[in-house]
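Below is one structure, written out as structure tokens; comments come after it.
Think of it as A, B, C, D and E in the order they're written, each chain with its own count starting at 1.
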Amino acid sequence: MIAYNPKDWFGFLLRIHRGETLRALFPLLLAVGAYSAAIAYFENTLFNEETRKAAASLGIVYSTLGFMISLMLVFRTNSAYDRWWEGRKLWGSLVNCTRNLALQSDLMIGAGAGSATLRARATELLKIFPSVLMHHLRDQRVDLPGLPSTGHQPLVTASELRSVLHQAAAPLPRPEASLLLLNHNLDEWMNICGACERIKNTPIPFIYSVFIKKFVFIYVMLFPWVQSGPLGYKVVPVTMLILYVLASLELIAEEIENPFNGDANDLPLEGLCSKISDSVSQVMGA
Amino acid sequence: MIAYNPKDWFGFLLRIHRGETLRALFPLLLAVGAYSAAIAYFENTLFNEETRKAAASLGIVYSTLGFMISLMLVFRTNSAYDRWWEGRKLWGSLVNCTRNLALQSDLMIGAGAGSATLRARATELLKIFPSVLMHHLRDQRVDLPGLPSTGHQPLVTASELRSVLHQAAAPLPRPEASLLLLNHNLDEWMNICGACERIKNTPIPFIYSVFIKKFVFIYVMLFPWVQSGPLGYKVVPVTMLILYVLASLELIAEEIENPFNGDANDLPLEGLCSKISDSVSQVMGA
Amino acid sequence: MIAYNPKDWFGFLLRIHRGETLRALFPLLLAVGAYSAAIAYFENTLFNEETRKAAASLGIVYSTLGFMISLMLVFRTNSAYDRWWEGRKLWGSLVNCTRNLALQSDLMIGAGAGSATLRARATELLKIFPSVLMHHLRDQRVDLPGLPSTGHQPLVTASELRSVLHQAAAPLPRPEASLLLLNHNLDEWMNICGACERIKNTPIPFIYSVFIKKFVFIYVMLFPWVQSGPLGYKVVPVTMLILYVLASLELIAEEIENPFNGDANDLPLEGLCSKISDSVSQVMGA
Amino acid sequence: MIAYNPKDWFGFLLRIHRGETLRALFPLLLAVGAYSAAIAYFENTLFNEETRKAAASLGIVYSTLGFMISLMLVFRTNSAYDRWWEGRKLWGSLVNCTRNLALQSDLMIGAGAGSATLRARATELLKIFPSVLMHHLRDQRVDLPGLPSTGHQPLVTASELRSVLHQAAAPLPRPEASLLLLNHNLDEWMNICGACERIKNTPIPFIYSVFIKKFVFIYVMLFPWVQSGPLGYKVVPVTMLILYVLASLELIAEEIENPFNGDANDLPLEGLCSKISDSVSQVMGA
Amino acid sequence: MIAYNPKDWFGFLLRIHRGETLRALFPLLLAVGAYSAAIAYFENTLFNEETRKAAASLGIVYSTLGFMISLMLVFRTNSAYDRWWEGRKLWGSLVNCTRNLALQSDLMIGAGAGSATLRARATELLKIFPSVLMHHLRDQRVDLPGLPSTGHQPLVTASELRSVLHQAAAPLPRPEASLLLLNHNLDEWMNICGACERIKNTPIPFIYSVFIKKFVFIYVMLFPWVQSGPLGYKVVPVTMLILYVLASLELIAEEIENPFNGDANDLPLEGLCSKISDSVSQVMGA
């Protein structure tokens, strides 16, 4: 994630940042500018006055189509942003429930005798789980200390922690009741993992994605035909501006839709991992 | 579900994919094109200048109607997408709670003696439940091993798992407390099943569906009457474009509204079933 | 609820169904058509050219007002649809938690000795609760077997079930822990009942409902005054079309706002009741 | 709350009801009508043809501004309605959890011996809590039987009920487990109380409220300057209509934003209090 | 937070308040006014009639762009307001769960013998936690009585409270069951803390923030070029009004996006802290 100060307007306006859409769109903008200049030349040379009047009427139709395309792109942005924000919430929940697990493990494992090994193991597992999940979401594998490195790695880690806590609870007078205190947070680990996998693996429906792209394409390609009558060569910057706005919204949606990849605009997973690790160290005293 | 790379623009624009709306709408587009050409011929031959000016005024009214129809179609798309996404969330929850059930059963059944049979049975039930639910949502029936194949199959499977876990808990010192650890996830199975049935059985209210279709029909059919005055034969592609946009949105909504059927744009239930089955195998060691 | 196939377009377009808005609005449409014809005659006979130009300028203002009225009606539709869908979700939850109660009661009551009577009574109560709730939501009363028929009937039924389950739990070693397993689902019964009562008893605020109706009325009544200048007698079908769209949205909202009444577009409560009853029979073996 | 039949259109249209916005806005409407008549006189006497054409161009800009103001007012209405509806949901939850507390207390207190006094006290507290909360939300104080009347009254009542239930549970074999059955609903009382306080004490951010009001004011005040060129004296009713629509939306939002005050459009708290009291009586037999 | 009466319209309209956007934007408004006056002079002196007609056509395009920019700013406002409101909800939950913790601790600690010290310590921790969290969210540190002042201060405080409650529960017959009664509320402390950190540390994605600012800038800067043809010098106030509206929405969103800082429009955290402290005192009798 790019850390930034949202109140610094001038910095935003003057520089073109890494990961900004203007960069990605630059070649396309130039191509469409040339295309619309060609159409404008063609129309202004060959069309008569009457055709221009028809185009003015088309303007109203075009504003209705522009309205529809705006609503659809806002819907697209909304659903992409919802994923991004849900991803952030899930990692926030991971912070919370790992902290709670640490607080609860601290009291539970400290209560038994000869539990130093179990305590160290629980601490280790609590500290690596976020990092295991992060790599899992990026299709990478990590070395799990003392665990098989095959299969679903977050599941292996969670399974091991459950097993350690069961062993720690066994000598207590009522182990099930002790486990009930932290059972919900153990469940949460898997819930968070599954929800992140869902966001990662499910883009918006194919049919919808393809429809938006085709509609944007048709809209921009027809624009100089419709407007170069009344606008003349002014149609070139206008077409480019419209392309910039429409394509930016689609690009932004694609960019933030899968927030786990470590791209410029994705979530700061590394930072959250080390934050969780610090909290666990502080609580478990290790 | 069609797996695709959302950043591959050119592939999207140049090909017409299976399950895309352009395919389904092609004959209708041609018919409406012919219809609007006929209207344009009729109007341009018979109407005088004054009627055309009236039509220009109608253009403004038409843009208001176009605005209303856009808002309604966005509302329609939203509610259909919400169902699709809720369906995906439910199956994500099924992944999570089945994994948690496996982790919890692993520890609970392992703790008793002579529990090999119960453990094998629990593993089997955990692995088939997602597939049972999938077939149930497609009005298909499967062979349930050692269970009656009549009645509500997911309910039969969940009932059997509850019974197996009760038997496994019986020899433990405090069986109810042990069962409390996994009770919530057992409840979740039925909650997910019922919620999927709800999405499957409840399209948007009939009155609303019928209204949107009639409104789209009237809007498109009147369009060449209103606009062929100023636009002339240009009204033909414009009418087709408007029909394409409006009907696509309605078609997409119908397509994704029931996401369990295995159509081109539906959820990848088979993949999720085998993913859950793998996770259960990994945890239960079978 | 009307069961329908959402992909059958032609059936929708050609027939006028029971419970469709076109039916309810027919007399009003005719009256407003006559009214606008009268205004058009009046204006076209008496107004001069300059007044007509003023009307064209009003067209832009009118499109802003049309925009506002559309947004408000979409908001209205949204909030009505949210109630309808929340009602459906609540009845879906009723399916789920009654199934879970059946699964849990089955195991709990089967465990004690001499529990045949309690088991039969629990089965009976689980089966009738949805039907009791349905009649309660329609301000009807039913005969409750072996219970007083005064007071709040769903509350009486839930109270009796709680009492039966307490009696069934009493001989178990740790009755409170056993009851904890199904306590959440018992709470859910009352939560669902209260939420349905809320939807039934609370339409959108009076002030908002009255405002939307007055605004629609003023908008439609002024329309022929504003537009009959440029449109002439074409204003008659346009006014009728606008009235049809605006009034339909309001009528649909009123129709689906209270989804429990058994009208053409309401929820299929009878079907859900018998579905729940079947599930309970299957689980409890009765 | 005003009880009304949402399907009675004619009653709505012909009468001006208590608590309707038309009443509150009447003097303002007249003042603005006079103001715009003055502007119209001024412009039509002094301005030439060219300035009028400029105004026609401004009309398009004005429609963009009208669009923005509509979106903002819809956002405002949405957030106000969300509070109103959340308030209703909270009181619905209060109905539900108090009923559940009554059902659970009935079984728990009935189980001990010599518990008549505790039972009567619990019944009394369950019956008065909603009324205590209602008065608390209206900054009123009530006489609490046998309790100090200082401090936070709902908190005092909830504290007393917890204490009574602890005393009732003490003689049971496993009091903590019995208390676990109703602990969630006791927590809910405070959650509901806190959430109602939140809605009451937090209007939308000051900066936003002030911005909407200034924008509405500027928009309406400039309207006759912009439009009286083309519209002439017709600008007077149009300005009044626009003011009526915009100011109504803001007034409605202010009216329903705090739904606990007992105004004409607020929630029927008294009715809900007596409904809860009846339910408690029915369950606890008092 | 600024406390205000939302029904006091005249106060709002006549004064310019601290923390209002008009203040912050004043220099920018003047600069843009001068800029557009210069453009208007330039165009009206040099452009001919035909160019002006082209500009009129651009007006329609511009209204489509204005529509897009409005939708984006409403989306921006919505997401900022959602954070602000979620922050308020979290602090409302903090009020609720701290009250519940106080009620539960009161009964639990009072039940053991010789628990005066633990009770005093619990009271102290319950009273300072909100204030610790508030300072933590403002990157400030406080003196924690008897605790290390390094590390994550809310975590240290919560850890200490858990430890105190464990010690208080130890002499009870079934300490785990007693702890289960308040375990959920202890978890909530960390959940609330983590969610507030999330809101504080995560502005909307950089790519989106930069895009909105660039789009607003381009839109306003081009406006006088497009409109000064038909509008003449009237373009100056219109440009300023448009800048005021667009920039205000962006400024409001930035202002309320992080609601914990104690700025004029932020949440009244100090008030909530002392409210919680009062409630704890009242319940714990200290």
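Here is the rule we go by: contacts are C-beta pairs under 8 Å (C-beta built on N, C-alpha and C of every residue); 3 or more make two chains touch, one makes a residue touch a chain.
From a predicted model like this one, the values you see are computed outputs, not experimental measurements.
Engineer: State the smallest step count from subunit A to subunit D, taking one step as a move to a touching chain.
Structural biologist: Contact-graph shortest path, subunit A to subunit D, evaluates to 2.
Engineer: Copies subunit A and subunit E touch; is their interface built from the same residue numbers (over half shared) or different ones?
Structural biologist: different
Engineer: So, what's the distance in Å between the C-alpha centres of subunit D and subunit C?
Structural biologist: That pair's centroid distance is 22 Å.
Engineer: Out of subunit B, which residues touch more than one other chain, so two or more?
Structural biologist: If we look for residues of subunit B contacting two or more partner chains, we find 56, 60, 63, 67, 71, 174, 177, 180.
Engineer: Chain sequence round the ring, subunit A first and subunit E second?
Structural biologist: One full turn from subunit A through subunit E gives A, E, D, C, B.
Engineer: So in the complex, the part of subunit E that touches subunit D is made up of which residues?
Structural biologist: Those in contact with subunit D are residues 1-2, 4, 6-7, 9, 12-13, 17, 19-22, 56, 59-60, 62-63, 66-67, 70-71, 73-74, 77-78, 81, 84-85, 88-89, 92-93, 95-97, 99-100, 103-104, 106-107, 172, 174, 177-178, 180-181, 184-185, 227, 230-232, 234, 238, 241-242, 245, 248-249, 252, 255-256, 264-265, 278-279, 282-283.
Engineer: Show which residues of subunit B lie in contact with subunit C when the two form their complex.
Structural biologist: My answer: residues 53-54, 56-58, 60-61, 63-65, 67-68, 71-72, 75, 79, 151-152, 155-156, 158-159, 162-163, 166, 174, 176-177, 179-180, 183, 186-187, 190-191, 193-195, 197-198, 202-211, 213-215, 217-218, 254, 257.
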